[in-house]
Every structure is written in structure tokens, then in C-alpha cells.
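As written, the chain order gives the labels A, B, C and D, with residue 1 at the start of each chain.
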């Protein structure tokens, strides 16, 4: 039985980040905005208001969540590049998804936001060398350091993860 | 041997356009901007300036051509809906692809243009009933009438056709 | 008494188009998308559905009209640059403004469309020399030739003309 | 003598935030993306690479800075709405402006980013009542609490502040 929360499996980081693997991760981040736009193409309002799984976010909330998450990720890359192991500020993604803008704004706005954001993020990622990817962030609670290499792996998974949520719903519903 | 000009085959119209087929065509037009954005994601300037086949347009010219073509198609739908079998104005797509804007403008601009254009076009297509799809356009040279049903089929193929050009190049080049 | 249809006066072409005047016209076309975005900023749905003058288009119809008109204008520039005094196809702007896409699509989509379209148009205009601006289009009914110089003047006025419609409404209403 | 760093004066908060003042501040935030797009319209690459004042950021850096700053501001509003006086993470805006994405990415990308971001931000601001605007953020160093009312005032000034930098340069240079 499949866990509907993890259609492509949970994120796993195996510790190796070769040049080829890094290029592949950047390519996946570059491809994510187009894939998100494609997977929601043609959905009507009722379909956008359908939870991607029982008890889960609606498709619309998923779409608005992705740029929320990636704006934070992009900021964290810039923090790590300009400060020495800065301690980040976490955010409550469940509470953010209930705020009014996630309910009222057409998804097209968040698709546009993601397009533009990833253009800047990918330009930044491409400018980074191996030493830059070894820079780190500190988590405010457990204090563990997360390197930008790990962040890169995480976010190359994150976009596909949410695209797969919507794709899986469309298949189950025959949309 | 494959004809690199027609990676998904040339357009063929079999004369039948059921409701289900029509919905599928509209869905394909809705999906095209995301697919084009995905297929060019991560290409650098040298890759964008590579012809998709020997003697063919560069990837960049292909990307700029799609909104040129679809702006004309969208206008033709509106002409056919507001006039009685209007005679359209053709354009020289090869000459347009050599104009300065196709060379100087970043592809991101044409991806944005296509996103917004298809939002309006798909809203128009969804508002149309069977009688609207039977309305026609007249070609200026041979005088043949093309119905909007046929135009719908043609343009549901056209986006995928150009996405496949770039996809096929990426596969051959290992990009 | 002011004629609400012409808040900046009707278009007038005085026959002179110096280099400085041409540069100013191109700058006005470049500025139009930002001005349109600014003049509608913060309007709510009821305000967008208000006619800009008694019996006139609603603000929303005005916003959707501008890219309809400018897509046609941009195409006409390209036709005149690639063919010898081509006869253009006119369109019924009043009927187009009543089509479903002008009623159903959020204005944000047309603002995005205009941004991207003007980027390509301005790149084209900047690549043109004096000889290019002397090329012409033929009107289908009266057969008169309109040069691209005249078209440039006309469209440097057209964007401001519609921005002024909305600005004048906001002033009268105290919005 | 004018201080070129503060063309509209430094930000001042007088402590009063009536309903009318709040609506005006939201309207200014809504208008900022169009004003930024207008004030850079038609600038060429050499002009974009000109510092807005001797020793200051280039026009391009100013344009990229605005969405950097406003993404952080928008996140801070959402933090304050979903947590109890959260301590924010500051960032080094001067160091961010030197990162590669601020140098390599076309300004059009940041203009698009700002359009989409402000659509979401303004929807959020409009959903907020007086109690929401009294919620606060804590600064990590001096521990002072900043209310969202103060943040609203600050950011209604911030966009115009940077637009005025560019406008002032254009006037001095006669562009």
C-alpha cells in the first residue's frame, strides 16, 4: 500500500554529492516551475479546492505552499553564503497555508512567483563552487548544521514531491 | 529513420471531434506553457543557440516562435467568433523568426508571454459551445474554410510538436 | 467641458518624426505596462466592473483590451517588416471586448501579457532604423498606406490614452 | 543640498495609524511594482549598470534588492500572524546585493517576482483587521518589538524610496 503523503518516497540524503549529482539537482530545481504549471493545467475551481489526499491540503494550498517554501529556502542559501553558519528562523508551514492569501489569490500568481524566483535561485546555484556548497546553516532547536549541499538535495526533491501529490490525485480521479 | 522535423508526426485531422476529444485538446493547450518551460529549464546560452536539427531553428528561435504563432491563432479564434467566415492574414513565420526580437530577447519573456496568452485562450475555448467550434476562417489564397474545431486540433498538436523538437535535441545531445 | 472618451485628447500626427521624437515614442511604449499596472493597483472587483465613463467599457474590459490591441499592433509591425506593404486584417474591438475571456480572466493575466509583449515589441522597435520606420501597411477598406512611423506615434498615444481613462475615473470617484 | 540617499526623506513613523492611513499604505504597496516597472522602462544595459548615486548601488542592484527585501518583509508578516512575537532573522542586504544572482539575472525577472509577490502580500494585508496589525515581531539584537502597523508604514515608504532613487538619477542624467 502506498503512503499518499510520499508519492515519490520521503527525502533521503546519502551523503555523496558529486559534480554530476549537483548538476542534476540544479536541473531539477530549474525544471520544477514548468512541471508545477503543467500538472495543474486545466483544473477548474472545484478541482483546485480538492484535497490531494483525505485530510491533506487542497491542490490550491499545495501550489501556494511551494513558493512560500522556496522563498524561505532561497533566503537561507543567501544567509549561508553571506554569514558564518547563521541560525535560521523556522516557520509554521501548516499555519501559513491557512492564511488568507493562500485562499484568495489565484494560483497563476504563485506559478508566476515560482518562475521568477527559480530564475534567481538557479542563477545563484550556478555561480556557487564546491566550497560554497559546504557552507552551512544552523537549526534553531537542535543546533545541527545543515550544509547547502544537503539543502540542494532536499529542494531538488521538494518540488517533485509536491508535483507528484497533484499528479497522483489526477490519476486517482481520472482528471 | 526518423524525420527530425516531425518528432511526434505531422498533424493529422480525422474529421471527428467528440466532446471528450475537444476537452482533451483544450487540456493539451492548457498544458503547453508548462511543458515548454520544463523542456528548456537549465539550458545555457550556448545550448539555446543550438539548432534543434541541422539547418533548423535554434532552441531560442523555437521558443520565441511559439507565442508568435499562438498570438496569431488566438486572434484568429476571436476573428472567427466575431465575424462571418473572415479571411485571415497569413504571416511569414520563417522571416519573423529572423527579426531582431527573436534574437535579442531572453526566452523567459516568451515563456511568460505564453503563460498569460494561454490563460486567456483557454478561458475563451472553455466558453465555446459546439456551434462556436463549427464557425470558420477562410484562407486568403486557396479560399478553403478551416473550422475552429480543426484549428483546435491543430494547436493542440502544435505546442507538443515544438516541445518535442527540443526534447529530441536534449536526448541526442545528452543534455 | 471635457470629453471623457479622450482624457489626453485624440491622437494627432503632425508628420514629423525626428530621432528624438522616435526615441520618446519608444520610451512611452516601454513605460506603458508599468503605468497600466500602477493605475489599477488596489482596485477591488466592484471597482474593476465599473465603466470608466457612462456607457463605456468597464475598467476590466479596458485592461484586457490593451494587450488585444497591442498584440495586433506588434503583429502588424512584423508584417510590415517582412512583406511589401501588406494589407492588414482589421478586427472588431467592441465585439472582442464582449468575448468570454475579457469577462472571466483576472486582470493580472493581461498585465503579465502586456509586460512580456512590450519587452519583445520594444526590442524590435530599437532594432529598427529610419528606413524600417518608413515601411508601410495598407488598410483593407480605403487602401491608404500607414507607415510604421505613424503606427509608432499612434501606439505611444494609445497606452497613455487608456491609462488616462482609468486615472480619470479614479479621480472622479475619489478611489 | 539634497541627500541623494533619501530622495523622499528617511522613513518616519508618527505613531498614528488610522483606517484611512492604513488603506493608503496598502494602496502604496499595491502600486509599487507598476511604479518600479515604469521607472526603469527603456533603460539600456549601460544605464542599468550606473550607480544611482556616487558610491551607491547600480540601478540593477536596486531593482533586485526590492524583491529581496519585500520577500523578507512578507515572510515577517506571516511569522507575526502565526507565532507570538517571533524573533526575526535579519539579513545583510549589502552582502546580498553583491551575490551572483543580483549581477547575472535580467531585471525583468525581479519585476515579475515583485508583481506576483505583491499580489499575495496585498491579499494578506487586506484580510487583516486592526488586532492583526497590532501583532509584533522582535528584533534579535535590541529586542525591541515592531508592530505590523509600523512594518506597514515602513514598507509603504520603502518601494517609493527606491523608485525615487532611480527617478532622481534619470532626471540628473536627462535619461
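Note that a residue touches a chain if its C-beta (ideal position, glycine included) is under 8 Å from a C-beta of that chain, and two chains touch if they have at least 3 such contacts.
Values in this document were obtained by computation on a predicted structure and should not be read as measured data.
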**OP:** List every chain that touches both chain A and chain B.
**Re:** C, D
Original post:
Which chains are in contact with both chain A and chain D?
Top reply: B, C
Original post:
Between chain B and chain C, what is the separation of their C-alpha centroids in Å?
Top reply: 25
Subject >> chain C-chain D separation of Cα centroids, rounded to whole Å >> reply: 30
Original post:
Taking each chain's centre as the mean of its CA atoms, how far is chain B from chain D in angstrom?
Top reply: 39
Original post:
By residue number and range, which residues of chain C touch two or more other chains?
Top reply: 108-109, 112, 115, 119
**OP:** Mind listing the chain B positions that touch chain A in their complex?
**Re:** 26-27, 30-31, 33-39, 41-42, 108, 111-112, 115, 119, 122
Subject >> In the complex, chain C residues that touch chain A >> reply: 106, 108-109, 112
**OP:** Would you mind writing out the residues of chain C in touch with chain B in their complex?
**Re:** 64, 68, 71-72, 74-75, 78-79, 81-83, 86-89, 91-92, 95-96, 99-101, 104-105, 109-110, 112-113, 115-117, 119-121, 123-124, 126-128
